[in-house]
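Heads up, the next two complexes both have subunit A, just with different partners, subunit B and then subunit C.
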Partner chain A sequence: MTRDFLLLLPLGIVGAGAILLMLRSALGKLTLEAASLVSMCVFALAFIAQILSGTIGHVSPYGSVFNGMLMVTDFTRVAGLIILACGFFTSMSSQSYFKENGFATVEYYSLIAFAVSGMLLLTMSQELITAFISLEIMSLSIYILVGFNRTCVTCAEAVLKYLMLGAFTGAFFTMGTALIYGGLNSTKFSAISTAIAAHGFLHLPALVGGAFFIIVAFLFKVAAFPFHAWVVDVYDGASVPVTGFMATALKTAVFAIFANFLMLDPGLKSAWVNYLFYIAILTMFGGNLIAIGQNTLKRMLAASGIVHTGYLLIALVAVSADHFTGSVILYYLAAYAVSTLGIFAALSYLTGNGEMRSQFDDFKGLAKKRPYSAAAITVFLLSMAGIPPTAGFMGKLYIISSAIQAGQVTLAVLGIVSSILSMWYYLRLIINMYFHEPEETFETECSVFGPVCTLILAVAVFAISLYPVTI
Partner chain B sequence: MTKKNIRKGALDIMFAEWLFFGLAGLSVLGAIGLILFRHPMNGAMSFVVTLISLAGLYALLSAKLLFAVQLIVYAGAIMSLIIFIIMFLNIQEHDLPDEEGKGLFLLGGAVVITPIALFLYKIVKSLPGSDTKIIGNGFGDVREVGLILFKNWLLPFEIVSILLLVALVGAVVLAGKKGVGK
Partner chain C sequence: MEHTAQFYLGLIPLMPLIGAVVIGLMHVMTCRGDRLPNKLYAVLACVGPVVSCIMAFQVFAILRTLPVEHRILVHNAFTWFSVGELKISMGFMADPLSALMLLFVTFIGSLIHVYSIGYMADDKTFAKFFAYMNLFLGSMLILVLGDGPVVMFVGWEGVGLCSYLLISYYNEDQSNVLAGNKAFIVNRIGDLGFVLGMAFLFWGIGANNGFDYVSLRANAHLLPPAMTLVVCLLLFVGATGKSAQIPLYVWLPDAMAGPTPVSALIHAATMVTAGVYMVARFSFLYAHVPAAGEIVAWVGILTALLSAIYGMFQDDIKKVLAYSTVSQLGYMFAGVGVAAYSAGIFHVFTHAFFKALLFLGAGSVIYAMHHEQNIWKMGGLKKKLPITYLTMLVGALALSGCPPFSGFFSKDEILFSAYANGFKGIWMIGVLVAGMTAYYTFRMIFVVFWGEPKNKSAYDHAHEPPAVMTVPLIILAVGALLAGFLNFPALFGGHQLVSQWLAPSVLDHHPHAEAATEWMAMGASVAAFIIGISIAFVKFAKGVEMPVFSGFAKFAYHKFYVDELYDFLLVQPYKTIGAMIWEHFDPDVTDGPRKATAFLYGMAGSAFKVIQTGYVRMYAIYMVIGLSLISLLISQTLN
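Right, the complex of A and B next:
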């Protein structure tokens, strides 16, 4: 019983923190700085609780009360750690961002905590309706965060697009759930896997249809190829810390549930592997094409997020459903989260009021004026591009070697080609920062949090690369 | 069972089947109207038709509580809020956007949706069918639904409260007065 409590403690801490922040914001006695400190403390506490709750194997906390709808495994625990870290660093860099941009209220931090609690639930859920509600908790908080700045027109456009497409996703997910319930009389993952084991996946038409709609919903959320069109505008419209949060924490949570769902049974996975193979390829190259054409940094990062989704899909294709540990996926998610959060943390204090510094040209000569920030951004970009001593390189190495082990040599080769292509737009920014004279000079005053956050993440890029993973 | 009773039972089932097709058709018509009407008010009204016929379908399935809730909450409370807002905005003919090429978009949408619809039709046909008849034993009552909700579905029930809290905060943030709380 104590163990069950400990396993759900991080979720409890984050939920309680979110409600606390919400209540304090209603009373109006908390300053923004204090609110960001409180939310950082909440995430740090939850992170420590998550580490200390060490388990091995599969545990269903409060299985009899919750009817086995949650499941904690090592996979979900590590995914939870990544999400909590994303929440922590987002709160930290938001503090600097809102020194310059004054549209935040305390509710902002409360919504981040709510979103994180939804994501934690999403990683653990073993039942489709629970998964749907968690998905909606997460998405709803993020819609609001995207539209937080009510004076900005692009934000309004972004939130409307995101809300509409998110509603579509939700509808697809519920439709899939209804079909699976109609066919199997249950929405629990365990019931789905027993049914597949008993009858075979392709002999259950309702399950095939349901799984199709649910997988479409997941592909939508991670911005995979045919459903990637929204991502550039939405990421561009959201404020810098929110974009960073969306790009990392949301992707981690959705990939966790996606992997959990797909790995239910080897039959389910093998039926979709061929489609995922093509989707992975198209996602990588489509993302690269979009990224090459962008002129603002945020849009480029959004498009490169699509490419990284492609690599993660390679990992999904390559892992085996028999002994699923998901270490490769989690490693790549952690590496990607660190570099992306890092670059957004640096942007949060570099962009200035109203995100003035956004074009590639605005970063010309940054290395002369702000050598440390430019160096940190270079580290993050090199990690995303996959240059050797960084975490991003190791992540790609693990993904590609697991693809080769699984016999998907074509995917491995195309993954390498795509990562070479992606150098084009990552190096472009580095060249702008180092090999051009500064054109315009404007300085941003910032609190100490943003730079410290960037520094920690830059160190983490190298620290994570040293962490060994067994494929 | 006498012969008369059997015939009556068969008639009941047939009647229920016709009722099902009628209500299903109405709900689809309402949804089509929601898309096709130009004025949002007409759209909202035809959406009411969909919601009410869905309530009828729930009643056919003996889901009494769900039937009442659908009528009171969706067709009643939520739709009147939506209609209230539309009336509040006082939308005139000249406020409506130009919908050039609407037919083309609809055609494109239909082309995209047709394979999905065929796919769905195949799946739904594969589901085991059963007769529409009244299920006894208090099925669909408040008591039965409540027991299931709090015994088997406790976790989703609890986390919906987080979702509602998020919606509440969102409404305050997005629709509240600007500049309050800084």
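Right, the complex of A and C next:
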């Protein structure tokens, strides 16, 4: 029982932290700095608890109470660690961001904690209703976070688009759940996998349809082609730290449940491999084409996020459903998370008041004025582009080699081609930073948190690259 | 005991490396604002080398307590990388050979660090200098202690980097930077040889049986003779780069552009002897192919001759010493080439003392004369700089091979081994070079310290440097005087401690010769020394003006125009080809398709941007279309 408690402790800590922050903000008198520190502490504590809860294999915490709705595995634990780290660094960089931008309130940090608790729950869900609820906890918090700056028109536009399309997706998900319940009389993952094992996936039409809707909902959340279109506008509208948070934590959580769902049975996976194959290719190249045309940094990063979703889909295609460990997926998620969070942490103090520096051209000559920030951004960009010896390179290497092992050579080659194409927009920023004369001083009024956060993440880019993974 | 020693093995290189990081960080943090006091850096800089030195002595002491055949300590710090079956550890090994190197590298390294505190006192980037010096010492210790070729190569490249950084240390002057570049590029050529040799060795026996010295030595007989020859020669190419032998010796004289302590530590006592150490380390390969050894010996002795000729006509005090270093390195290669590995290493050992001493002495002369390096502008300094003069005199006598100074014993050992092993030609050239060495060394001593001062005002201002500089000189002078007795020849009733100590590590070929032969060889060396010093005395003791060279002397003064020849034959054609590729091939041929692809892709990107309309209804339509298509396809599979 103690172990069950420990396994759910991180979720408890984050949830309690979120509620406490929300209550405290109603009473007032809590400064923004204090709120960010509190939320950082909450995430740090939960992170430590998650590490200490060491487990091997599959455990259903309080199985009799929750009726097996939750399951903790090594896969979900590591996904949880990535999400908690994302929450921590987002709170940290937000602190700097709100030195320049004055629209924050204490609820902001509470909402990040709510979103993280939803994500943690999502990774552990083994049942469709639980998954739906946690998906909605996460999504609702993020809708609010995206539209947090109520005076800003683009934010309102972003939140509206996201909310409408997200509602669409929520409808798909419930539709899928209903179909599965209709067919199987249960919404539990274990029931689904037993049914497939007994009858074969293609002989259960309700399940085929239900799985289809649910997977479409996941594809929307991770912004895979053709459900990607919202991403660019929403990322552009949200404030910098929120964008970073969405790009990393949300993607990790959804990929975790996506992988869990897809790996329920080899039959389910093999039925989807062909579609995922084409979706992965279209996602990578579509994302690249969108990214090339962008002049705004956030839009470019949003589009590049689509490309990274494509790589992760390659990993999903390549992993074996029989011996699923998910190490490659998690490694790539972690590598992508540090690089993306890092660049958003740097942007959160560099963009300045009202995010006045948002275009590629606004960063001309940054290296001359702020050499350390420019160097850190370069590290993150090179990691995203997949240049050794960064984490991004190792992540791509693992994905490509697992694809080759799985016999998906076409995907591997196209993955490499896409990675070469992506240099276009990553190097463009580096060229702007280093090979132009500065036109301004890049003075910002930031706290020490933003730069420190950037530094830690820059170091992490190299540290993670040293971590060995067995495919 | 053994466990402690193994623990120390990991710490010995780590100490200076930590020092380098700490000093470097402190320097970077403070270089914009107020700088920290030099004293702090001075203390920090000396801690690492001194602690390493103490630990080195302890390792040595522990090694001595072990039985002769078990004198090998290995410490695997961590697994560096493992690919398939291959596993390379970051391993450090102490055996008699590396322990001996370890001792004098840390000892002389520490002394030179102390000396540098005085020499560099007025330098603007004091901390940077010591960060580099510590980094160098750490790399050198990795090179010496590495338990296999791969770890050795890490140190090998590390010292090369530090050498480059420190040669170009005074980087306001472009010629210094160019000297650093030259050293680095020439060394790259040698490194290529090393890497290729290592690759062949790995291919031959390393891949399946382990790639550390112990395994390699045990499996050396499995390597086919032809392959062994190739490996030995390629490794020797690496050695010619690092240890400045023909044809890659050209960088070392230019390397004197660096601060004098650097010349003493890196370009005389330690780094340049790495090549000799490497050949001795691989003695188990060289012992199998006598042809390789013969080539090494001949290259060595010809280098010794060539640079001794150059040395006789130089007018920069450091250049004289630089050519004498190249020449002495040639002796060492002659020694290891004729399979007298312990003699070669013994000369490395004694040379480290007397050459470091001479360079530091030259440094204190240069310091006293306010950075004047031309010997013809000095003169009469022995009254002004008595300590420097006496210590340098000891160094000069050791270098020229005057009995009973250390250089005499080690040089004689090499020459005698060459003679007794049947290399009469090498022996004759060796004796000739010994005479030339005595001549140019004492030419320098007489011109600098004797006679009348040439530059009166500089002479009047000259004074003995502070104690931090003179004390290391005195310690080194004692070493230069006495180090030779460690290998006191059996002929005089000695025990040849060094040769015995090294016996388990290297495969020496012990010549069996009569005592008369040994007396004869020794007599020839002494005679050469006396002739050389006498000529120098007659020509320079009274003091002469700066000579004007003509004929052969002019040819030698300009170093036989070898630099110009290399430039004409290699550098210029290479540059021309490079410029051609850069100006024509690259933009017109290779870049054409690239530019076209980029253009097309850019167009496609702009076209694709159009579908990002920004209308949420369009986005919903995309979703519906995608959804419909997938569901259509899925329904196909169901039927």
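The rule we apply is simple: the second predicted complex is superposed on the first by the 468 of 471 C-alpha atoms of A that agree within 3 Å, B and C clash if a C-alpha of one lies under 4 Å from a C-alpha of the other, contacts with A are read in each partner's own complex, and residues count from 1 in each chain.
Note that contacts are C-beta pairs under 8 Å (C-beta built on N, C-alpha and C of every residue); 3 or more make two chains touch, one makes a residue touch a chain.
This one's a predicted model, so the numbers in the text were calculated from it and none came from an experiment.
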item: Clash-or-fit label for the pair subunit B, subunit C on subunit A; value: fit
item: Partner chain in contact with A:415 - subunit B first, subunit C second, else both or neither; value: neither
item: Touching partner for A:65 - first (subunit B), second (subunit C), both, neither; value: first
item: Partner chain(s) touched by A:28 [first = subunit B, second = subunit C, both, neither]; value: first
item: Which superposed partner A:160 touches (first subunit B, second subunit C, both, neither); value: second
item: Which superposed partner A:230 touches (first subunit B, second subunit C, both, neither); value: second
item: Touch count on subunit A, higher of subunit B and subunit C; value: B
item: Touching partner for A:208 - first (subunit B), second (subunit C), both, neither; value: both
item: Partner chain in contact with A:451 - subunit B first, subunit C second, else both or neither; value: neither
item: Closest approach of subunit C to subunit B (Cα atoms, Å); value: 6
item: Where subunit A meets both subunit C and subunit B, residue numbers; value: 205, 208, 212
item: Subunit A contact footprint on subunit C (complex, rising order); value: 598, 601-602, 604-609, 611-612, 614, 616, 618-620, 622-623, 625-627, 630-631, 633-634, 637-638
item: Residues of subunit A defined as touching subunit C within the complex; value: 160-161, 164-165, 168, 172, 202, 205, 208, 212, 216, 220, 225-227, 229-230, 232-233, 271, 275, 286, 288-294, 421, 424
item: Subunit B partner contacts - residues on subunit A that touch it in the complex; value: 15, 18-19, 22, 25, 28, 65-67, 69-70, 102, 105-107, 110-111, 114, 117-118, 121, 127, 129-130, 133-134, 136-137, 140-141, 143-144, 147-148, 150-151, 179, 182-183, 205-206, 208-209, 212
item: Residues of subunit B that touch subunit A when the two form their complex; value: 119-120, 122-124, 126-127, 151-156, 159-160, 162-163, 165-167, 169-170, 172-174, 178, 180-182
